[in-house]
Amino acid sequence: MHELRVAVVGLGWFGERHARVYSQLPGARLAAVFDLDATRTKRVAAVTGAEPHADLPGLLSRPDIDAVSICLPDRLHLNAALAAVGAGKAILLEKPLAHDTTSARQIVEAVEARGTRLMVGHILRFDPRYVQVYEAASPEWLGEPIHIRAKRNGVRATAKRLGGASSILFYMGVHDIDAMQWIGRSPITRVYAQKRQALGTGNEDALYAIVNFANGAVGSLDLSWAWPAGLMNGYRASFEIVGTQSAAYLDCADQGFYTVGEEGTVGGDTHLWPEINGRIVGDLADEISHFVEATRTGKPYMQHHREAFAAIPVLDALKESAERGVPVEVRR
Amino acid sequence: MHELRVAVVGLGWFGERHARVYSQLPGARLAAVFDLDATRTKRVAAVTGAEPHADLPGLLSRPDIDAVSICLPDRLHLNAALAAVGAGKAILLEKPLAHDTTSARQIVEAVEARGTRLMVGHILRFDPRYVQVYEAASPEWLGEPIHIRAKRNGVRATAKRLGGASSILFYMGVHDIDAMQWIGRSPITRVYAQKRQALGTGNEDALYAIVNFANGAVGSLDLSWAWPAGLMNGYRASFEIVGTQSAAYLDCADQGFYTVGEEGTVGGDTHLWPEINGRIVGDLADEISHFVEATRTGKPYMQHHREAFAAIPVLDALKESAERGVPVEVRR
Amino acid sequence: MHELRVAVVGLGWFGERHARVYSQLPGARLAAVFDLDATRTKRVAAVTGAEPHADLPGLLSRPDIDAVSICLPDRLHLNAALAAVGAGKAILLEKPLAHDTTSARQIVEAVEARGTRLMVGHILRFDPRYVQVYEAASPEWLGEPIHIRAKRNGVRATAKRLGGASSILFYMGVHDIDAMQWIGRSPITRVYAQKRQALGTGNEDALYAIVNFANGAVGSLDLSWAWPAGLMNGYRASFEIVGTQSAAYLDCADQGFYTVGEEGTVGGDTHLWPEINGRIVGDLADEISHFVEATRTGKPYMQHHREAFAAIPVLDALKESAERGVPVEVRR
Amino acid sequence: MHELRVAVVGLGWFGERHARVYSQLPGARLAAVFDLDATRTKRVAAVTGAEPHADLPGLLSRPDIDAVSICLPDRLHLNAALAAVGAGKAILLEKPLAHDTTSARQIVEAVEARGTRLMVGHILRFDPRYVQVYEAASPEWLGEPIHIRAKRNGVRATAKRLGGASSILFYMGVHDIDAMQWIGRSPITRVYAQKRQALGTGNEDALYAIVNFANGAVGSLDLSWAWPAGLMNGYRASFEIVGTQSAAYLDCADQGFYTVGEEGTVGGDTHLWPEINGRIVGDLADEISHFVEATRTGKPYMQHHREAFAAIPVLDALKESAERGVPVEVRR
C-alpha cells in the first residue's frame, strides 16, 4: 500500500489541525492545502511542507491526490463536497455533514452515485469515553433504554467568533444528536426545543430540547455557548443513558490536568486534541489516522455516511421547534 | 423564651429524623409523636422520650404543644394540616406542601385566615451549595439569567418503595421547581414535559421538562428514579444558572467521603443528614433548628409559605403536559 | 439549664467567628469579648452585642461568665489558658493546644489540678467527612491499618500573614496528626520530616513527613502553604486509610459549589464555616454548639483533653526531625 | 522507509498488548513472538498473525527482524536485553530497565558499546496529563520547584499476582521516580523510606518515601498496592509540583467514564490503554507508535536511555533505606 496523498481544504482552527495531523502520520503524505485566505494557506503550507493552492478546482484536479479533508464553514460544505466527489476523491468532511437536510442529502446521494467514499468527522466516535459508554449500552447489558441525556456547553467567545457562520445546533448539537442515536440505538422521531438569544452574538446562547426515540426512550439535550470565558477547560460535556437493567455515563468536566497561578486554577484538554511532545494526539488524531488507514486499505469507515446523515433531519426539526414553540415530528 | 414543645406526625423515614433532631435540639422539647402504625409510634417514642399518641385529634388537642412537624404521605397533608391549623399549632410541613394546587391553596388560606404559621420543608434552602448559588446569582453579579438547569436523579428502589404514595414530580421535582424559581428570581410560566414508565414501579421512571420563566430564561429539568441501586451516593443532583454577566453551578456528585471494599467504592452523604458522633447534622438539622428558633422568637421563616406554594401550580402543569404531550401554561 | 454565658478572647479570623456563632446559638449568650487591639474589640462587640473588655484579667474576673473561647496566637495560649483555668472557666481553646509539649502539659495539668474543663478546637472531629472515615475505619470493618496518608495544603498568603506567629506544623499539621492518631487508633512513635523554605514568608513553605504508628502502620504527612493564591477553594485536604480488610478515604477538593466569571472558575466552602442565610453553619458551628451543650449539661466533650494533648509531642518530634534531618522518636 | 519488522519477547499482560498494538500500526509489521509458555506463544501468534518462536536465540538470529519489545519479568531483562543488543536489534524495553543498578548499567553500556538503540517503556512520557504537567513546570513559568508529590496506588490483587517477580519500587515506583526527576528537572540525591508487609502477598503492601533533589526541592512518594479490589478504576495516581511562581498537578482518579449496575458504580480507563472500536488506543499505543517511527527514521527517542537509567539508582537507594530505616544517599 502506498502512502495516502491528502489535501486539506479550509484552514481554520480545525483545518490547520487536520493538516498538522496528516503531516505527522506515517501512512499519509500531506500533498496540498487551500484556504480562501491566501496568507493562511501559505502559513500552513510552510509549517507542514504541503503545496499551497490558490483555488479549489486546481487542487481537486491533481490526480496524485487521493483524499481530501474539508474543513470549511458549514454553508460551504455542499459545493466543496460535490466538487470533491466529482473529482473522485475520498472525503473526510468535518461535521456537520451540511447545514440542512437538503444539502446533506445531495452530498450523500452524489457520493453513492459516483461510488466514492465519505466519512464525517464525528470525533466522539473516537473518544474513549463515548465509545465505552456505547459499548456498555449494549442491549444485553443495559436492557431497554429509558432515558438519555446529552450536554455540550461552551463559552460565549465561540459564539461570537462564529457569528452567523454556524449555529448552536449544527456546530455543537450535531455531536450529541449523533451520539444519542448511536448510543441509544434508535432514531429520534419527535422533538421540542426552546432557545434563548440574550447575548447578541448573532447566534443562539442556549437551546434546551426534549426528544423521543422510536424505541420509547426519552432524551434531554442541553446546549449552551453562553458561559463566561472562565469556564474550566472551556467546555462541559456529559452523557448518560439509563436502561431497564443498568446504566452508563460519562462526564468530561475533569480532564485530570490543572495549573495553578496567582489568578486561579485552570484545566486543560487531555482527550480531544492535546499537543504533547510536539505532536497532536487524542481523539482527533485517532479519527484522522482511521480515515487514512481505512481509505488506504479499502476497509469500511467506523461510521457509514448514511448513519452520519441521520443526525441532520433531527437538527432541522429542532430548529423548527425552537422557532415555532411546539413539538415537531422528524421528517427523514 | 421557653423551649418550643413540638410533636411529630408521621414517623416514616423523614418523620423519624424530625423526631430525633428535635430531641437533640437545645431550644426544643419533643413532646409527642404519632403515626398511623402504632408499633412505629411506640418505637420512636421510646427512642426519643416523647409521648406516643394513638390518634391525631388527641395529640392536637394538647394545649402544651406549640408546633407540629407533619411528615405524612403527600395525600394526607391536606387534612392533617387543616387540623393542625385549626388547633392553632405552628406547622413544619414536609415537602410537598400538598399533592395538588387546590389542596395547597386550601392549606395556605386556612393558615392566613387563622393567623397561624406555616413553613414548608424545602431543605435546599438550608443547603450551603444551593444557598451559595442563590447568593451568587444576584442580579448585580449574574446579570440577567439566560438558562437554568436542575437535575435530581435517584435509584429505582425509591420509586418501588413509594409506589403510588407520591410521584416523581411531587417527591423530587418540588425541590427543583422551588429552587429554579427562587434562584432564577422569576416564576415559571410555561412548561413541556415527557415522561417514561418502563420499570413498572407504579411511578414514572423519569421525567424531562423544559420550562420558560417570566423573565425570559429557559430551564431544563431532569428527574429520574430509574437508576440501578449501585448509583454512587444513591442520588445525583446538580444545578446551574448562566447569566448575561456570569454563572454559578453546584454538583452533588462528589460528597468527599468514600469507602473501598472488595466489592467496590461507595460514597456517602456529607451534607443532607449525615449522622456523626451520634447526632444528625447538616441541612435537615439546620432546617429544623431554624423552624424552632423562628417559631420561638416570632421571626419570619426563611421562606414565606406563599413562596413555597408557588411551586405547586408548576408541578400540576408539568403533570398535565407529560400526560397530554403538549406545552402547557402554568395557571396560578 | 440556664444559658451558657461565654466570652471570646482573641478576635482574629477565628475569634470573630467564634463570637458570631455564640451570638446566634440558642443555648448560649455572648457576654464579653476581648482583643489586644481595642478597635477590633469594639467592632466585634458592636456586631455581636457583647460587652467589650480592655483587659483579660477584668474579663476573667466576672463571675457571670461560665466559659471562654481562647483564639489567641499559639504562643499566647499558655498564659491565657492558665489564667482562665485559675478563674474557673470552662475553656474552648482553638488549636493548637499550645506551641510546644511543655506548655501543653502545663495547661492540661492545671485543668486537672483545678478540676475545670477544657476542649481543644479540633474541628475535624465535627467534619462529616473525617468522622465518617473514622467510623468506617473501625477494626471490625477495616481490619488492621496498613498505611495512612494525610494532606493539608494551603496558599502562601496564609504563611505570609501569619509570619512567625505560628508554623506549618502547629497551624496546619496539628489537624492531621490528631486525625491520624484518632482514625488510626494508635499513637505515632517515630517520625522523619523534611521541610523547605524558599518563599521567604518567615515560615516553612512545605513539610513532608513519614511516621510510624505503635500498631505497625506507616503514615505519610503532606503539609504545604506554598500554593499560589489561585488554588481552587484555597486549600486541599485529603485523608486515606487502608487496612487489611478494607479502606476509606476523603478528599476535600470538590466542595460542590462553583462560580464562573470571565476570569475563571472559583470554588467555595460548603463544609467548614459557610455563611448562608446570614448565619455561620457547618463544622465550626457544630463544634461550638457541642461545646456549649456539653458544658451546660456536664456531659463529656467529644474529645478528652488528654487525647488532644497527644498531638503535641508528635509535632515537637517532627520539628526536631526536620531540623536535624534524621528520624526522631516521639517522647511523651 | 520500509515497515519496521518487530518481535515481542514475553507475552504476559504487557507483551500481549505490545503485540496487538504492533499488529495494528501502519508503519510496523509484527514478525515474531516468543514466550516461555509455548501455549501463550501460539495463542498470541494466532491472534496477531506473527510467527511463533520456541526460543529466544532463534528469534534474535533472524536478520529480517529490526526491533524487539522485551516484556519479560524484571529479573530476566538483563540477559534478554544483552542478547538483543548482541543481535543488533533496536529494543523497546518495558519498565523497569532492570531490577537493580548493576544490571541496568550493564545494559546501557552494552547498547553504547554496540551502537544499537534502546528505549525504556516509560509510558508516562506519553500521557497527556504528565506531559502537560512537565511542560507547565518549565522554569520560566513555575519558577524554582519547592515540593513535588507523586502517588501510585493499586489493588492487592496485583501484588498477589506478581509475587516475588517484581517489587512495589520496580513495578510501580519506577514510573514516579522517573516522573519526579523529569518534571522536577533535577536528580534525587537522598531518600528515606518506610514500608509495610502485612498482607502476606510476598511483596511490600506499601512504601512511603521522602526524597531530596539536587535543586533543593523536597519530594513525597506514596506507593501502595494494598487497596481492596473495589478501588474505583483499579488504581489511583496523582502528581503535583509547586514552584516559587506557580504550580501544576494532575489526578487520574476521574477518567470520565462510569457504569452503574445493581452492585455499584464502576469506572474505567480512558487514557492508558483503552480498547475502543476493536483497537488499543491511548498512551501505550502512542508510546509504541513513537518507538516504531523513531526507529524507522533514525530520530532520537523521546527519552534517552541514560535518562531512563537515572531512575534505577534511586530505586536501589529507596530499597536500602526501607530496609535499614535510615536516610540513604543515592549512589550513581
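In order of appearance the chains are A, B, C and D, and numbering begins at 1 in each one.
Basically, contacts are C-beta pairs under 8 Å (C-beta built on N, C-alpha and C of every residue); 3 or more make two chains touch, one makes a residue touch a chain.
These figures come from a predicted structure and were not determined experimentally.
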When contacts are scored as defined above, which chain pair ends up with more C-beta pairs, A-C or A-D?
A-D
What chain lies farthest away from subunit B once each centre is taken as the mean of the Cα atoms?
D
Averaged-CA centre spacing for the pair subunit B and subunit A, given as whole angstrom:
42
Averaging only over C-alpha atoms, locate the centres of subunit A and subunit C and give their separation in whole Å.
52
Can you compute the centre-to-centre distance for subunit A and subunit D, using the mean CA position of each chain? Integer Å is fine.
35
Residues touching two or more other chains, restricted to subunit D: which are they?
227-228, 231, 242, 245-247, 258, 260-262
Which of line, ring, star, complete and other names the graph you get from chains that touch?
complete
Any idea which subunit A residues touch subunit C in the complex?
227-232, 258, 260-266
Subunit D residues within the subunit C interface of the complex
144, 146-147, 149, 192-196, 198-199, 205-206, 208-210, 212, 216-220, 222, 224, 226-228, 231, 242, 244-247, 325-327
Please give the residue numbers of subunit A that touch subunit D in the complex, ascending.
25-27, 125-126, 128-129, 131-133, 135-136, 245-262, 268-271, 274, 276-277, 281-282, 286, 290, 292-293, 296, 302
